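Here's a structure for you.
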Amino acid sequence: MNLTPSQWAALLPLIIPALGACLIPLMALDKDQATAKWIRAAMYGTALLAVGASFWYLTNLWNTGGQPSFFQLRMDRLAQFTGIFVLVAAALAILQSWDHFHQEGWVKGETLSLLLFSVTGMILFASTTHFVALFLGLELFSIPLYAMVGTVRARTESSEGGMKYFLTGAVASSCFLMGGVLIYGMSGSLDLSAAAFTIKAQGLALDPLVLVGAALLLVGFLFKVSAAPFHQWTPDAYEASPHPVAGFMSVATKGVALIALLRVFPGSFGPLGAVGVKMQAVVAVLAMVTLVLGNLTALVQSNVKRMLAYSSISHAGYLLLGLVAGTPAAYHGMLFYLVIYLAMNMGAFGLLTAFGLVGEKTTFDDLRGLGWKRPAMGVAGAIFMLSLAGIPPMGGFYGKYMIFRELVGTGHVGMAILGVLASLVSAYYYLRLLVALFLQAPSAEAERLASDRPAVHAPLAGATVLVCAVIVLAGGFLQTFLADGFARRALVDGLGLLR
Amino acid sequence: MNKYYWLIPILPLLGSAFNGLLGKRAGKGAVTVVGLGVILGSLLLATSAFFAMKGMPDHRLVLNYGEWMATGSLSVPFGLAIDPLSGTMMLVITGIGFLIHLYSVGYMHEDEGYYRFFCYLNLFVFFMLTLVLGSSLVLMFVGWEGVGLCSYLLIGYFYETDFAPDAGLKAFLTNRVGDLGVAIGMMVLFAAFGTLTVSDVLTQAGHMAPEVGFGVLTFATLMLFFGATGKSAQLPLYLWLPDAMAGPTPVSALIHAATMVTSGIYMICRLAPVFTLAPITMEVVAWVGGATALFAATIGLVQRDIKKVLAYSTVSQLGYMFLGLGASGFAAGFFHVFTHAWFKALLFLGAGSVIHAMHHEQDLFKMGGLKTKTKITFITMFAGTIAIMGFPGTSGFFSKDEILYLAFLKSPALWVIGVIGACCTSFYMWRLMALTFWGEPRDHHAYDHAHESPLTMTLPLMVLALGSLFWGFWGVPEAFGGHFAVGEWLKPALTYGQTHAAHGHHEGPAVLLAVISTTLGLGFGFLGWKTFKNGPASELAFAAKFPFLHNLLLNKYYVDEGVELYLLRPTRWFGNLLWKLFDVILIDGVGVNLPGALTRVFGDFTALLQTGRVRNYALSMALGTAVLLYVFLK
Amino acid sequence: MSGMDAVPQILSGGLQGYLVVALLLFAIGLAAVLLRRTLLMQFMGVELMLNAANVALLAFARFRGGDSQAMVFYLFIIAVAACEAAVGLALVIGLFRHRDTTDSDRAASLKQ
Amino acid sequence: MFITFALITLLGALGMLLQKNVIVAGLFMVAAFFGVAGLFVLLANPVAAALQIIVYTGAIMVLVLFVIMMLNSHEEEKAQSSRPVQRWVSVALVAALAFGAVKLVLASPGLKALAQSGAATPEAMTLQKVGVTLFADHLLGFEVAGLLLLAAMIGAVALTKRNL
Amino acid sequence: MTWLTSHPLSFLVFAPALLGFVILALPHALGRLSRMLGFMGALAFFALSLAWLLGHGGAVVTERAAWFTLVGLPVDYALTVDGLNLWLVLLTTFLVPLTMLGTWNSLKDRIGTFAALFLMLETGMLGALMAQDLFFFYLFWEAMLIPMYFMIGVWGGDERRYAANKFFLYTLGGSLLWLVALLYLANKAGGFNPTLMGQAASALPFGVQCWLFIAFAVAFAIKVPLFPLHTWLPDAHVQAPTAGSVILAGVLLKLGGYGFIRFAIPMFPQAAMHYAKPLALLSVIAIVYGALVAMVQRDIKKLVAYSSVSHMGFVMLGLASFTVIGTQGAMLQMLNHGVSTGALFLLVGMIYDRAHTRMIADFGGVVTKMPVFTTFFLIVTLSSIGLPLTNGFVGEFWILNGTFLSGFHWGRLYACLATSGVLLGAVYMLWMFKRVFWGPENKDEDSGTHHLHSDLNAREIAVLLPLVVLIVWMGVHPKTFVAASEAPVTALLQDAKAPAPRTFVLRPAVHEAPAHAQPAPEGHAEPAAHEVHR
């Protein structure tokens, strides 16, 4: 089969990580991978190389613009945006995992391979409107994640978290599949945008089965976004998984699912006006529930990872508010928010690694006084927390600002007020982390632990944390560049919404 | 000389600054020189200014030194206004002030805080002059509050004791209560006249008709009068003055007898044209004055502390002054300020001299027989006593008689009250004299060491004694063949073109009234002397016989206790209530922390939803799906 | 629209019939996930749900003139089902090793 | 015919749902899969029917049964506590969903139209048709499915490999 | 250098934070050097602000440039110093080095970090004071919280975490709701320019205007803090280290009042006047309530904190009066409060550093041990209770008179009620003064007095002297400090169409009238302000 250059161009970002994913297990065949340094180096090198190459390639592609679609693949700027987004998250996760696995005392090449598979699936998921590709993409990124969550074999909770994630995820996938099948059945087309046109042409936009199909599709997306009430796997899965994987999941899964949601609902289903309206109505309710549940529950957590999990749920709520506003500018804001969110959350999870917290020792008490011991990490932690809380001049503020602005502009003042109240509550638990880092003296127990613990060497994780901090700050000071130069162009090209 | 008149108040300020900042290092000599020098300089300049004012065609000298605070329609200049009223007052302050400074050199000689004392004293003169000379009501208020401050500092001068700081605090706060009245009064006047410059206000007021019934000016003047009751220790705000005796004696003489306490009278005279427009206020002023005169006099009858007696006497005499003012006798009231300044300063300094001689013993019952030991003090105090009791020809006679006469014209009841008060005054003054100077010494140790005070202390006594005896001839009323010169002199300052104010000659049995009151006064004086000539035994007997009455008077009608019980304690209780109940429990607790806690409780509740069982998760997803389907199909 | 006229269609094997079967199968699968505690049973429920989608898919394909696109999709779904089976069973085994149970209610230490 | 296979399918599924013994439930499941295969035959899709039996019954179910045996969990373990809320809400919900599904199917005009327009039985599905479509249109999907299988394999290995 | 001369405001705003970051990057061991560096820097900024801003003679200095456009709303980079904020800016640059010097030895650890945070806070405060674009303002407004949070939380007292969180969340809560209003209005106006937003607001229905004003007012009122939104203040003040308290009282609270005069009132004049009465009522309550609660405090610092509530109540009362006199009084009172309460906190800090207690009951007779300190304390106390010829008097006098003259019918009553605050102020301050400084020396071994070994040193006197000079200067020649704001305030009230002052009209009694052919008194009774407002 001969592929034109542009088709290669569209495919390469997927092929490169997939290749890497296939290569790494070969290296991992050796039993002594934990001890043989060069094998470990080779695996991480391959993974980073794959991610880096794909990233480099995508950034080049970004400059040339969107590629004509072929097969089911639409490598437009939105897809490229997603690719870059996911790859950055993956790169950060890989770097952090070097230190994390080192601290945990085990290394598995398979994890890296699974991560790369997941990356491939995510890029595919966000760059297609064809249901077959969409479903395969979904599964390709989900199944490795199920495995990755349950992969910390030393921990009892790990397989439990993986099992929960798997079972709920499988149910959600089935719903998603059923929804797609119904849409296909009513339209005769597996491509969702084509299907939407057909349905509209046949006047079936309000047919109950079409609506059911759309609703079930939405369930699939909302599960991945971890919006309430499809959110309950989130804290358990995050707690169970290794820190870098949790970070990666919190960022990439959510981001990709939202972008795909954007592509399908406002994008492909645009012609079906009623579906969009109903989607907004549902999302409005769910976003509020998500905000309330996520923030309230985060308030009472003692484990930082669970707190971050609930915080990620509440951030799903903010992001969904952008869908409620439903204007191009709001989508624009969502993309911008995602970029900052990537840095904030990868950084926050990276902090755990950088501070050398392993296993279940990730409670607030374990963090006490660490901010002063590792000032650079502490400052970065403060930046992440303040940004998550939406305090200017951090980047997180601008994300919220853009979304709330559109929310208010479209007359949803009440929801905006709920949103800001939720972020007030959230400020409290983010401050708790700062309290632990800076405002509390290390407890005697923590001191003892700190002295018992082997010297924490997490240079890579530390570096990723600093990079994330820089991105968050850049989001606060170069917001125009990020928002207009990046997010906006992705939207223009991807959804044709902003002209 | 004109261009140096700003130094009149500023010189004492400079002296105060010098004494306060450098006095400790400079030594007592320098402090004395500077402290007295500035007052003397001020006195000389004041004299010059007085004559300059006299030379002006309308007897008014206004000097402006630029804007103080101006914004919007409000404009307050730094300005001095010298007219007969303020000019006379200025001379009294600098003159008597100088004498008392001189006296203090001796009295305070051994005190460690000598420099501090002169710093405060100078500062007081500065504020008092500002009060008197200020061209606007606001500047007057500056002095008004400033003298309050100095009084506070001087009363609390012996700060290491328990009592003095309390007395100072009481004085300041009581005065502040009155100051609220002044502040409100000023606001009303500003809203009414659009200016607070005294001459502008008075010029406008001079061209108005009196208010019938209750109105703006009545309210304003009542408020101002309320302020005056604070500063001049009238009912109901007189409480601080007796306690103020905790300060050094020269302070009692200067501030709490001669000058500061009369500033309430001064203010009313200053604003006489406005007060004249408010007949209701005048009525109130007269009755409050009369009531205070009698009330304080009765308390004075049984006090044992020599300074306390004089303090109540002061309150009482101030009451007479207000009585005079209220009877439209502005000049008469003011005249009494003068004469009172002479004899009360004299009496206080004399008492100070006695205390000095007795090594800080202030209890009358422990004195006695000092007649021979401290001759000059005895003679001068004798002069002061006959002046205050109104012995014909002395200064007190003329001023008090004029007031009583005017009171009779207003209402005979007021006259009766006044006469009873005068009788009490004679009685307790002679009680004081008899217990101090006559009889056997009751504390032999103190008596043996008693000695006459140094010249710096006795010289002022002599000067003041002369004033007490003869100053009254400045204001011999018409009834006794004079023409009430002081009234004529002050008239331009008091009327401001007001024509309807009744200052004309009234018919009345002037001579008869004077004879009655004087006779009674002398009689009671003699009675007082007679009773206590040989010691306090008869009073003790009286106390044993009528314990309730005696205790009531001795404890000043229990007003202090009442204030503590019914005003201060409830206020503190209320403050505590506001803090503990409102602030901590209601606003902070219910308003702030409760929502926070509730949020956490909700959080605990929502955390329960996370059961950890995957079936429950799936169920919630299924429920969510059902909701989604419902909304989509609706 | 009452839809009663379609009842014969259901019973006689019309499109509606297949869809009813598919949706009921889906519901039963969901019920298995919700009602059973044994992980393997829940897992079979998931498989049933996937199968339900298959039935619907192929029924539609039949009434769309034997659409081979759907048939290809069916292939992929089978592959996905197999993958899910592999990973899911591996997770169950992993859990069993730690907890010695396949009861999902007993594997509930992650909560709050 | 349709009713027979439909009943086999649904009753098999219900049997699976209600059966206490896990192995028996697995066998009910196999029955259900056979029913589905029968339905596929009726849908003129013998290829799918064959795949259904081969892959589902032959591979997946066998795998499941194998695991059941391996873990020795024949009977459902005793419940730690009865969870009536979970149970009755689930039952009500599933019943509502099932009822709603039937109602929706009956209410859908699009479905009705499709049932009429596509009533004619099409040519039976052949492997050739499938193969052509697969490699002409779904090459990407094919590759991805391959990756997916590889990923699942690696995942399963990572999760269960004994010595690490 | 040319950049500097053309962008003085940008330099003033951002240089402190830059210096702060430099200090933050210095190694921990160089704490003392960092402190010195921070102090010298702050001093230099003060000198520069004096030279640049006073050099302009109070004229408007503006830097304005389009900054960025996000989701269709342009945000301007706009900094201005004009009559309304000139002195607040100078107060800020003045208080920062002064406070640093005043608390030189108060902190023992992490002094470099503290200095850095302090400088960052200066940036936040200056930015918020100068920003002329509401988005820009909001950024600084919120950013200020961060350094303050750490200053309270890290270096504070025993309850510091609670206090810091409370401070942060309280303020954040108000400003988040305000943000919604801001966004709403910005959508209508198409940007964050206050002028445009004001115009857009005036086109909205009155009810909406009211809601928007309330959102603005609540955010600012929390900062002021106005009763009943004040409860964060006592905690924050008491727990904060001395420097934090000083700057909190000295500048941060001012931003609330400043927000009203700069944004809330000019943008929603109608709504503001509609709510003038409740605002004034709350102010009066704050005055009396703050004073009564201050009276019964046992901790000197808490007492001073509640006195802030009372004093800032005067500011709000002046603003609510809608008269030139009242508003100017409020402007001055803000400066007054910054100077006197700042000084009070410094003084409390000085005694706390020596005695390690702030309980009134632990003291008594301090004057015998620390006469110089007592003198300073007395002077500042007098300023705080508004003794004439100190700064406190002028502000309060203007505010009361302005309120009394206010065109609203409640003005006279409220002015009279508010005067009681002057009395109560004296009650709690002097009562505390008496108990702490006077009376017999507290010889108890555990008492605070017992631990006082040294009077003020030269450094501390050098810190206090400028404050005392300012206290007297502002009291004797307030014109220096309010001349600049006279014109803008007048214009503002004119634009707001504030009601004309209500004066009394005095008439001669009817039956007396013929006797007096003098000019009618009304002519005199109408103040000149009348013309100004019409």
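Structure notes:
To keep things simple, chains are lettered A, B, C, D and E as they appear, and every chain counts its residues starting from 1.
One rule holds for everything that comes next: contacts are C-beta pairs under 8 Å (C-beta built on N, C-alpha and C of every residue); 3 or more make two chains touch, one makes a residue touch a chain.
These numbers come from a predicted model, not from an experiment.
Looking at the partners of chain D and chain E together, the chains they share are A, B. When chain centres are taken as C-alpha averages, the shortest distance to the whole-protein C-alpha average belongs to E. Averaging Cα atoms per chain gives one point for each, and the point farthest from that of chain B is the centre of D. Centroid to centroid, with C-alpha atoms defining each point, chain B and chain D lie 102 Å apart. Per-chain Cα centroids separate chain B from chain C by 98 Å.
Rounded to whole angstrom, the centroid-to-centroid distance between chain C and chain D, based on C-alpha atoms, equals 5 Å. Once the centre of each chain is set as its mean CA position, chain A and chain C turn out to be 27 Å apart. The residues of chain E that reach two or more other chains are 169, listed in rising order. The residues of chain C that reach two or more other chains are 19, 26, 29-30, 33-35, 37, 42-43, 59-60, 64, 69, 72, 76, 80, 83-84, 87, 90-92, 94, 104-105, 107-112, listed in rising order.
The set of chain D residues touching two or more other chains comprises 83, 86, 90, 93-94, 97, 104-105, 107, 109, 111, 114, 137-138, 141, 145, 148, 151-152, 155-156, 159. Shown are all chain pairs that touch, namely A-B, A-C, A-D, A-E, B-C, B-D, B-E, C-D.
Against chain D, the residues of chain B that register as touching in their complex are 613, 615-616, 619, 622-623, 626, 629, 633. Contacts from chain A toward chain E in the complex involve residues 329-330, 332-333, 372, 375, 379, 382, 386, 391-393, 397-398, 401-402, 404-406, 408-409, 413, 416-417, 420-421, 423-424, 427-428, 431, 434-435, 438-440, 479-480, 483. The touching residues of chain A, when paired with chain B in their complex, are 163-164, 167-168, 171-172, 175, 208, 211-212, 214-216, 218-219, 222-223, 228-230, 232-233, 235-236, 275, 278, 281-282, 285-286, 292-293, 296-301, 425, 428. The touching residues of chain C, when paired with chain B in their complex, are 30, 33-35, 37, 42, 104-105, 107-112. Within the complex formed with chain B, the residues of chain E that make contact are 166, 169-170, 228, 230-232, 234, 289, 292-293, 295-297, 323-325, 328-329, 365, 367-368, 382, 387-389, 393-394, 397-398, 400-402, 404-405, 412, 415-416, 419-420, 422-423, 426-427, 430-431, 434, 437-441, 476-479, 482, 486, 490, 501-504, 506, 508-509, 512-513, 515-516, 518-519, 521, 524-530, 532.
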